[in-house]
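Each of the next two complexes has chain A plus one more chain, namely chain B in the first and chain C in the second.
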Partner chain A sequence: MGKFFEKTVAGIGSLLLQVIFTQEVSQKKGYLQSLDPRVKVISLIILLLTVNLVHKFLSLVLIYVFILFLAIVSSIPMKFFLKRVWLFLPFFTGIIVFPLIFNIVTPGTTLLELVNLPALHINLSITVPGLLTAFNIIFRVAVSVSLVVLAVLSTPWYDLLKSLQVLFVPQVFVVILGMTYRYIFVLLQTVNNMFLSRKSRLAGRVSGRENRKWLASLIGTLFARSFVQSEEIYLSMQSRGYRNKIVTLDSFKLDSHDLLFFSGCLILCVNIILFVK
Partner chain B sequence: MHIPDGYLSPYTSGAMYAASLPFLVRASRNVKKVLNSRMIPLISVFSALSFVIMMFNIPLPGGTTGHATGIAISAIVLGPWASILSATVALVIQALFFGDGGILSLGANIFNMGIVMSLTGYFLYRLLVRSKDSARKKIVIASISGYISVNIAALLTAVELGIQPMLYKNSLGQALYFPYNLYVSVPVMMIGHLTIAGLAEGIVTGLVFAWILRVQPDLIFSEGKSLTSKKLFKFSFLGLIFLILLTPLGLLAPGTAWGEWGREELALLGLSYIPAGFDKWSSFWRAPIPDYDIPGILNPTLLYIFSACLGVLLTGLFIFFLLSVINKLGGKKKSNHE
Partner chain C sequence: MKKQNSDSPVFELEKVSYYYRNQQALEDISLKISKGERLIILGANGSGKSTLLKMLDGLYFPSKGSIKAFGVKIDADFFQNEENFYDFRKKVGFVFQDPDVQLFSPTVWDEVIFAPLHLGFSNSEVLRRAKTALKLLDIEHLKNRPPYLLSGGEKKRVALATVLAFNPEVWLFDEPTASLDPRSQSRFLDFLDTLSDRGNTVVIATHDLSIVEDMADRVLVLSEEHKMVRLGKPMNILEDIPFLSKHNLVHDHRHKHKKETHKHLHIHVTDHEHKD
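This part shows the complex of A and B:
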């Protein structure tokens, strides 16, 4: 049935695994897990802004050390945390910044000469400023990704969504985000069943053309089903007393630990911006 | 096409958030007016669908596979506004939970994919299609709209990335964010999208549209009286002007030459970051614009603002040019039919 089948089913599988794993970690007992999600969201934004504003490599290292420290005290599995960030980076950012390390793109002092043929005017070498620029960019992306991963791993999804309201995200959007998240799994289940039912009925080779047609009918079916489903959800909401008003239970409470964490982040960021840059 | 954090400067990210906001407000108002309280379940389910479609590997001719966003087809089926909302929600979940695209750069991703792709996908289809067209022709038009809209989104992404090294460098002149300028980012991005990603999007748009047309044609969004394309053009134009105004605002913030980078020795050695390789190539492209020595704007900051405006303007002009050409072509097709 071709690679697309295996790829998509594997993609769905790894996504579900990741979700289950994340949920488990976010419910562990740890430092970050005990904090108010609103404080975490605001601190995340402040730290992200700092990471993207500073210029020096040292600042990025300082913030990364802080992140690793937080990950350790929040009993986040280190292997997973590092793998999630550093396994995917070389494929995207790594390839993008790779040409930067050569003298053709970034001239400067030579670190390592690769090819030098003066007769042919060919001179390829790795330069010091090139390597530093490349590392700086990779590290900035890595620290940014680490921050988001850390926040997600230490906060249950619905708490994270609810706390978005402190960033002036309208409540309606928060409700839609929560509902979408739920229906992603419903749809994924449906899709998985559709893939498997087709696979189990197939023998022999199928042309790419037929595969495309089948996939299109699958997506079309999902469109049609989604209309029906949304109507059903609406009716079930109404029958449970929904009257265009969203009521949420506000259970978040700030305590001294939250304030301590927040001021810690703030002091770190301000100091880095002012003194290290 | 999802831009991760660290590729765009925070100023650009801020400008992109600001540019997206009016579209999102307008979209939620519009959808709310049409759907009233039905909006929440409908947008939720379709956001989930949008997310799931982005996960599919599409089998392409030649044996490879590619991802499609499915935004063009959802814009044609749901209408542009509902599509903007559902794509935005899907992008937020991808960024927050699955690390596809950054948090600071989310505004840019929403603008490029959620907003621009929905609007261009929908309006290209509307401009080209005539009600008496055969089903086959409609399918081809839907497919073309998908192909072009994903490429416009890719072009915008490339421009946003490509202006980074022009705008933000450290005191040594080295890149801080995305390191390559427009002469590199645009061709590299467009090669991938004119081929694989564009093809995947075109195929998905065309085939899904064909399926819906055959099985449940009543699903496809038909324009109500409240929404005219003229009104929307006016609105997109305002958005564009807004964006141009905001870009320099972001530049005026202390972003350039701010702090030292690297070790002191590097500065002593007199190292300067000149992308010599690109300069060579760029002279070829720059030809239509006579040097940067325009009197009065020798000031580097002003120069940056100028180039940023130029970049945004060029993109805008490109889109409008494309739309007008397609519009003309559509008109021709119509006269052929008569």
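This part shows the complex of A and C:
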């Protein structure tokens, strides 16, 4: 349980650090940061579709090179960008595609024979096409995830949310998601303080039963607090003119850079789909 | 708002009581607040100060009695009318005690444009007002920050900017000096002075006696039984230490002078003599 406390407090801390880091990167002066988020989101979605439509490995490599180029011109820290995608992803996707490497699923030239018992009709081996297919899928997932990470790192969170409206996400969802995200931090702060204040008063061992009781009361307190706070927030919105209808100021403006980026992405994708395949 | 009379008091409360789910929060308050006045509502925690402010802002309505604002009775029906709603909201601004409640938008900029945008100002006017508010409070550099990356003092300044952006005639403050460091507090007092110079009506709910003498024309004291126990000039009330003690606004303070420890009721705004 002691470890549980330490881990929770450390987890909250590192999450906040990561959010601050992402926020800083998204406000740097870079190429993608300068684009209209709506154009960025649509262009990246077109790229995402292309990644999942093409067959050849070369197409994926071409798009990945383009992504790395975008990351560089947008001053996204390369080490962080690569680590974010390649550290855990091959492992998780690897588990999913693992059966693909065997001759039972993907027959073909044998690379390594594992079990061969002809009498029992058992033959298990790793095949070359199996391995290639598995790698192709892992790479495809990595390229897709890179695109999403690129969008998240180069766009402030709320701009990203607002741009979803071009994809016909209703405004009320965007506003609610925005407020939810906003108040996660207030609740995190509250949880953190509650954990720390309990930690400061603890000496010696506490039974699991006691701890569970405390956790349950923490959840209850948090729920009650967020309920009271949501009422107050509603009052403060009303006080400033909110009458159950959200009004927004459309601050996004399209310019020639946006159109250039959009057409560039479109031309790249069409060419890859038609000629490289 | 119809029937408005420019000579009528800004607020007029007649025998107002309020109950939260059968629990009494305010009892029998009668009061007039005139234009340009600075009124401080003093009371211990839980005495009903915040509730009173929320009623002045038309967020809660009296369980008994009535409130008139600018000469017209305000109740749920009054706010049903769209014209009344916007007219009242443009005139009265409320700075909540907890800035996290007031800052619900994703960035400082979205927060500052919220009121002018929802109160129906034109787009160019919204931009002008928001920019001016940020500039006057010296927080232009925070424009794109999300609220969770602001310090406590910065949050309070942004909260002021959110109200300043629609420039109301009447300002209501709930515990404005709570958790402010000395520099932020003095900045805030300067801000209040500016409001007064411009003729704004200011109502502040607090238990901080240190701002009473400088900032109030009149003081209203709420008891822990949620009743109005005093309404008068600040000095008359500040000098009545037994009264303040009875209503939990001053406390026994033990401290040392050279080698001698002594004890007296603690208040910073009036002098007390020590034996040598």
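Basically, the second predicted complex is superposed on the first by the 242 of 277 C-alpha atoms of A that agree within 3 Å, B and C clash if a C-alpha of one lies under 4 Å from a C-alpha of the other, contacts with A are read in each partner's own complex, and residues count from 1 in each chain.
Quick note on the criterion: contacts are C-beta pairs under 8 Å (C-beta built on N, C-alpha and C of every residue); 3 or more make two chains touch, one makes a residue touch a chain.
Since this is a predicted model, take the numbers as computed values, not measurements.
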Fit or clash - chain C, chain B, common chain A: fit
Partner chain(s) touched by A:Met237 [first = chain B, second = chain C, both, neither]: both
Chain B versus chain C as contact partner of A:Trp157, first or second or both or neither: both
Which superposed partner A:Ile46 touches (first chain B, second chain C, both, neither): neither
If touched residues of chain A are counted for chain B and for chain C, the larger one: B
First (chain B), second (chain C), both or neither touched by A:Leu111: neither
First (chain B), second (chain C), both or neither touched by A:Tyr181: both
First, second, both or neither for A:Gln229, with chain B first and chain C second: both
First (chain B), second (chain C), both or neither touched by A:Val247: second
First, second, both or neither for A:Leu266, with chain B first and chain C second: neither
Smallest separation in angstrom, by C-alpha atoms, between chain B and chain C in the superposition: 9
Where chain A meets both chain C and chain B, residue numbers: 19, 157, 179, 181-183, 186, 229, 233, 237, 242
Chain C - residues contacting chain A, complex: 54, 57, 59, 82, 85-86, 89-90, 92-94, 96, 98, 100-107, 110, 113-115, 117-120, 123, 126-127, 144, 146-149, 162-163, 166
Residue ranges of chain A in contact with chain C within the complex: 19-20, 23, 27, 156-158, 161, 178-179, 181-183, 185-186, 229, 232-233, 235-243, 247-249
List of chain B residues in touch with chain A within their complex: 4-7, 9-10, 13, 28, 36-49, 51-53, 55-61, 63, 65, 70, 73, 77, 85, 89-90, 92-93, 95-99, 102-104, 170-172, 174-180, 203-204, 207-208, 210-212, 215-216, 219, 258-262, 266, 269, 271-278
Residues on chain A engaged by chain B in the complex (per definition of touch): 2-4, 7-8, 11-12, 15, 18-19, 22, 44-45, 48-49, 51-57, 84, 88, 92-93, 96-97, 100, 104-109, 128-129, 132-134, 136-137, 140-145, 148-149, 152, 157, 160, 170, 172-173, 175-177, 179-184, 186-188, 191, 208, 211-213, 215-217, 219-224, 226-227, 229-231, 233-234, 237, 242, 244, 277
